[in-house]
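The following pair of complexes shares a single chain, chain A, combined with chain B in the former and chain C in the latter.
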Partner chain A sequence: MKEKLHQIKEKYKGKKMAPAFNAIHTFLYSPNETTHSGSHVRSADDLKRTMNTVIMALVPCLLFGIFNAGYQHYSAINGFPAEFSLFEHFLTWENFWLGAITVLPIVIVSYGVGLAIEFIFAVIKGHEVEEGYLVTGMLVPLIVPVDTPLWMLAVAVAFGVVIGKEVFGGTGMNILNPALTIRAFLFFAYPTWMSGDKVWVHGAKDGITQAGSADAISGETVLGYLAQGNTEFTYSLSDMFYGFIPGSVGETSTLLILLGGLFLIFSKIASWRIMLSAVIGSLAMGLIFNGIVAAEWIPEYSKFYGLMNFEYWQHLLVGGLAFGIVFMATDPVTGSQTNRGKWIYGFLIGFMSVMIRVFNPGYPEGVFLAILLMNVFAPTIDHYVVRGNIKRRMKRLKTATIHPKVTDGVEALKTETV
Partner chain B sequence: MALLSKKDANLILDPLADNNPITIQVLGICSALAITAELKASLVMAISVIFVLGVGNVVISLMRNVIPSKIRIIVQLIVVATLVIIVDQVLKAFAYELSKTLSVFVGLIITNCIIMGRFEAFALGNGPWKSFLDGIGNALGYGVILIIVGFFRELFGSGTLFGIPVLGDPIAKTGLYATGYENNGFMIIPPAALIVVGIIIWVQRSRNKALIEEA
Partner chain C sequence: MSKDIRIKKGLNINLIGAAEQTTSKAVLSNVYALNLDDFHGITPKMFVKQGAEVKAGEPLFFNKNREDMLFVSPVSGELVEIVRGARRKILTLKILADKTQEYVNHKIVDVEKSDAESIRSFLLQSGGWPFIKQRPYDIIANPEATPKAIFISGYTTAPLAADANYVLNGKEAELQAAITALGKLTPGKVHVSVGSESNSPLEKLDGITLHKVSGPHPAGLVGTQINKIDPINKGEVAWTITPQDLVILGELFLTGKFNAERTIALGGSIVKAPKYYTTKIGAEISTFLYASGVNEDKFRLINGDVLTGSKTHPEGYLGFYNNTVTAIPEGDDYEFFGWNKPIFNKISSTRALTFSWMQPNKKYDLDTNTNGEHRAFVVTGRYEDVFPLDIYPLQLLKACMVKDLDEMEQLGLYEVAPEDFSLTEFICISKQPHQQIIREGLDLLHQEIG
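== the complex of A and B ==
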């Protein structure tokens, strides 16, 4: 089988559809070609391996999202169980089935449209298909509400992949994270489907009513609830940590995101510097807001009071902050490359996410906006980090006593340092 | 073409495509972003600029030998400001609603880089007839892009063209809306115009590779 595929590949080399064939081929097998010039280090983790590792870290979130979609739907109709038991109320076939028929179409559309566009561009440009969409395609279903209409998703994916990535030259050349570009497009194009209290629970938009009453079901995210000026909410801390709350498909369970993040850190795929500094940044901003409330600089009737009063560390448990920090901010293409830059980049993402959350009245979620903004600034941060490094070394050179032979003068050392 | 010599015809036709002020010279972007949410506003803007640039170019060209070069920018400003005020007053008198939609952007035609650019680059060195053709051509090139952008933004953003619903009624859910289609709110906001202009630039340059600038 493997040999046969190699033969087919040779036969159709240079033909128009060759890139499309090669994409499927290399997805299944490693190519039989060797590099032709110079010496190369062979490493086990190529782009595909990296992508697959991230997808593995995302699968638990997806499975949880499927169960949670069902759980939120049935709980909204029948009322939340008084005595919650994981196996009786959450991990049921009923929940799984409902979640599967609502979530899996989103996954299929996301991958179908995205990969189709990647293939079309590869054939037009005549280069190999890049694997960049594998992770994006998995991230997209996890960051949209369950009831997102599929055609909207298809339009947004087409926009995100073409405008967010292909116009810049494809995978590895994009400035903005494609998954977040898709999310931002959806948010600005179809705000009624992306926020409010009717989109987070399956069926709420269609007006399904609660059992034994005429009220339509609804489900508000914790942040949406707080943004309306409320200070008390019904979800317990453990609910928020384990993720039994309404929200986008895969972002609710902080526990599973944490596990996925640890997995990415130990497999050295994602940068722990960005994650850690983003957490510090969000805690810092949260503490500032808590401090403002404690100092009574803001009256209780202010519309910002509810969110400002929200315990600073609990920001990490609700909304997409944890998910964004672990899976989106750490995107190696759009993030900062230098270590010092990663600290600044991550810190500002956390800092601004919480700030936008509190100050954005229309939509109490700022993670995707904060990350997109920092994506734009990442090259600038890197530039100044590199420049700063050069400056410091030049200064060190000036004050250094030079021991080596007189023949290698300052000039030679200078070029070496720079 | 009997009416115009080939050289003269090129003065009008060049700016429409291969030397378009917006997509090639990237001038006049600000107003292209601000007023293209509706097709009607785009059209009125285009006509206003055609008037201002056509007449302005002729006036500057007639005065080109008497304007001291040290104060030429001021003279140009006075000419364009006069013309813009005429346009503004006409709009206020006969199309008040539209003039409110266009608001400050009619006044800002004065600062439209295309106009000063054509005065400087063409009218100061050519006769009135040629300057007139050049002015009309460049303004048309600007207007064409405005109308294309306005067309797509109004169609997808509001589902209307010239204010007339073409995709059905979004509230009563008729026509295309019955299938679940919704207006794209993204197209209403100015950044969408930037992206539409970008796509036009992309399409134009991939059709004519000679237009691609050296990186």
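== the complex of A and C ==
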């Protein structure tokens, strides 16, 4: 097999379809390429390994999302179990099967459409297929509601990959996070479908009714419930932390996201600076809102009261904030590239996420908008951080000792001030 | 006076096949050669014709832009071949060595009493000048410029490189002569750095500012030390020279002879008995490579260390500036699912199912496989972990790639040489050719600004 593939590769070298073949070939075998210039040895990591590590961190979230899709569906119909048991009520074949038939098609469409576009662009432009989409394709199913129609998703993925990434030159060149561009496209192109309380639990859109009643099931997220001015909710803190709540497929389990984040930090793939500062940023904004409520600057009938009153640290447990901080904000291409910039960038993401979440009239979630906004500002942040380095260099230049050329015939030492 | 420099950022690349500290005399080479690629940016003009008899130290060619900068023959013999490439560019000069070596005898210079001008012209005429390199641009020093300081690194951190302490042993007199002479060429200091726990012959020299350096590679690179001691500003010039070349200069001052002999380290996992050899600049590598023996027929032979050296072959010749020759396995093979399975036998700067972080002192047998394909820059923040200079490496590389002269200047291109980016190149996840990017950036800047 190794020999055969090598022969095919040599035969089609330089042909139009070569990148498409190479993408599959290098997927099976890491290439036989050797160093030509510079260092003769290279470290073991490549982009595939980097991307693969992120995917490994995402797999638990996906599996949880599959079970949760089933759990939320059946619980909405039959009511939540009074005595919750993980194995009896959550990790069941019934839940898994329903989750699998609703979630896996989303994964397949996301990868299928996205990778097809990547391959087409690689063949047209004659470069290798880059690995960026491996992670994007995995992120997309995890940040969309479970009942997202597949055709909408396909359109959004096509838009996100072409406009969000390929027009800028492909992986490494894009300004906006492609997965979030896809999410934003879904949100703004199909607002009636994508917001509200009907899309988060499978079947709610089709008007499936609760058992023993004529009411249609509702799958409201915690944030949606709070945004309507409610202050009390039915989910316990541990439900929110473990993730037994409605929401986008992969974003509900704060525990698994936390473990994924720790794995990414340990493996040095994602920036701990961004994660930490984003957490600090969101806590800061949450505290400010809590403070406003405590100071009674806002009346109880205000439509922002419910979310403002929400305990500051619990913002991290609900909605997409934790997922966004760990997996989206840390995208190295669209985030800040300097270490100091990463602190500012992360802090503002956390800060803005909670702010947008509370003040968003249509849809009580802000993390994807906050990250897209900061994606746009990341180069500006970097610019000023790098300016700091340049300024230091310019300052040093004032004390430069520039000696005259020997041919000038001047032996005296001249200190030039610029 | 000694000042300590502690480097924290970096990465030691421990490889199998470090040269054992015993020195053998290499078999005499029949043919010696100068590879003109070693002299970056020099356009040669031949002094002698093919077939001419030359003595050791007799000029072969000069720098077209500076006629008094001479490049001399390492041995006496007959100039048997001038190898030319495209557009008749001279690539290699081959000299068939005489049985008995004859040297050009220069008038001995008393370094204590000579002034800068006479030392300068002596070095230019005797062929010693090309050993002195300058920053900015990492080229042979411009004799017209006066350097603000001279930097010499006696601390070895590069993988499998010749240990400066070992090869300099017993050369104190030569070193002192060279230091005294070079010290006259600068109104500034001569900065010499040694390992913090070493017992280097460089420590006892007069007329130097001593620095004790500790930390992982690239702490031993002179560029790192310049950045920590006295970084180069726009318009400033600093000179660098390796301690081994100081020995040749020292002998030139003391005896008036250009003696191209040097002790080199032969290492790498391919070499059966890695150790040190005394040989001469331009000697055929096969004269000592096969004395130590090789394990395999197919391997990568490197003139220099694995991070900065240039590719050669057993019939190739020891480079002008090299004191290390390394042989490592070629890695031109596929690896099944090489991108996702756990890796135990390769060095990595991450922990993404790579386990080199668990055994920082383990010695590895790395081959020349790139371990992945060339990609656009994606990951950020990784280079900074191994790049101790006060420079933004990624931003500088990008400035060089888009040929933005202002950015290149402001981000500190004047301070660096390609070798400073060898470690970032090693860990680069996108497998970008950092050293080549920096070299092209430096050439462009040199050409445009001068």
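We take it that the second predicted complex is superposed on the first by the 389 of 418 C-alpha atoms of A that agree within 3 Å, B and C clash if a C-alpha of one lies under 4 Å from a C-alpha of the other, contacts with A are read in each partner's own complex, and residues count from 1 in each chain.
To be clear about the criterion, a residue touches a chain if its C-beta (ideal position, glycine included) is under 8 Å from a C-beta of that chain, and two chains touch if they have at least 3 such contacts.
For clarity, every value in this text was computed on a predicted model and none was experimentally measured.
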item	value
First (chain B), second (chain C), both or neither touched by A:K11	neither
First (chain B), second (chain C), both or neither touched by A:I163	first
Chain B versus chain C as contact partner of A:W151, first or second or both or neither	first
Which superposed partner A:Y190 touches (first chain B, second chain C, both, neither)	first
Touch list for chain A against partner chain C, complex	2, 5-6, 26-50, 52-53, 128, 130-132, 169-173, 266-269, 271, 273, 332-333, 335-339, 342, 382, 386, 389-390, 392-394, 396-397, 399-407, 413, 416
For the chain B and chain A complex, residues of the former touching the latter	180-182, 184-187, 189, 195, 198-199, 202
Complex interface listing, chain A residues touching chain B	149, 151-152, 155, 163, 167, 185, 188-193
Residue numbers on chain C that touch chain A, as the complex places them	13, 15, 120, 143-148, 159, 187-188, 231, 233-237, 300, 302, 306-309, 311, 326, 328, 330-340, 343, 346-354, 356, 366-382, 384, 390-392, 394-395, 410-412, 418, 422, 425-431, 433-436
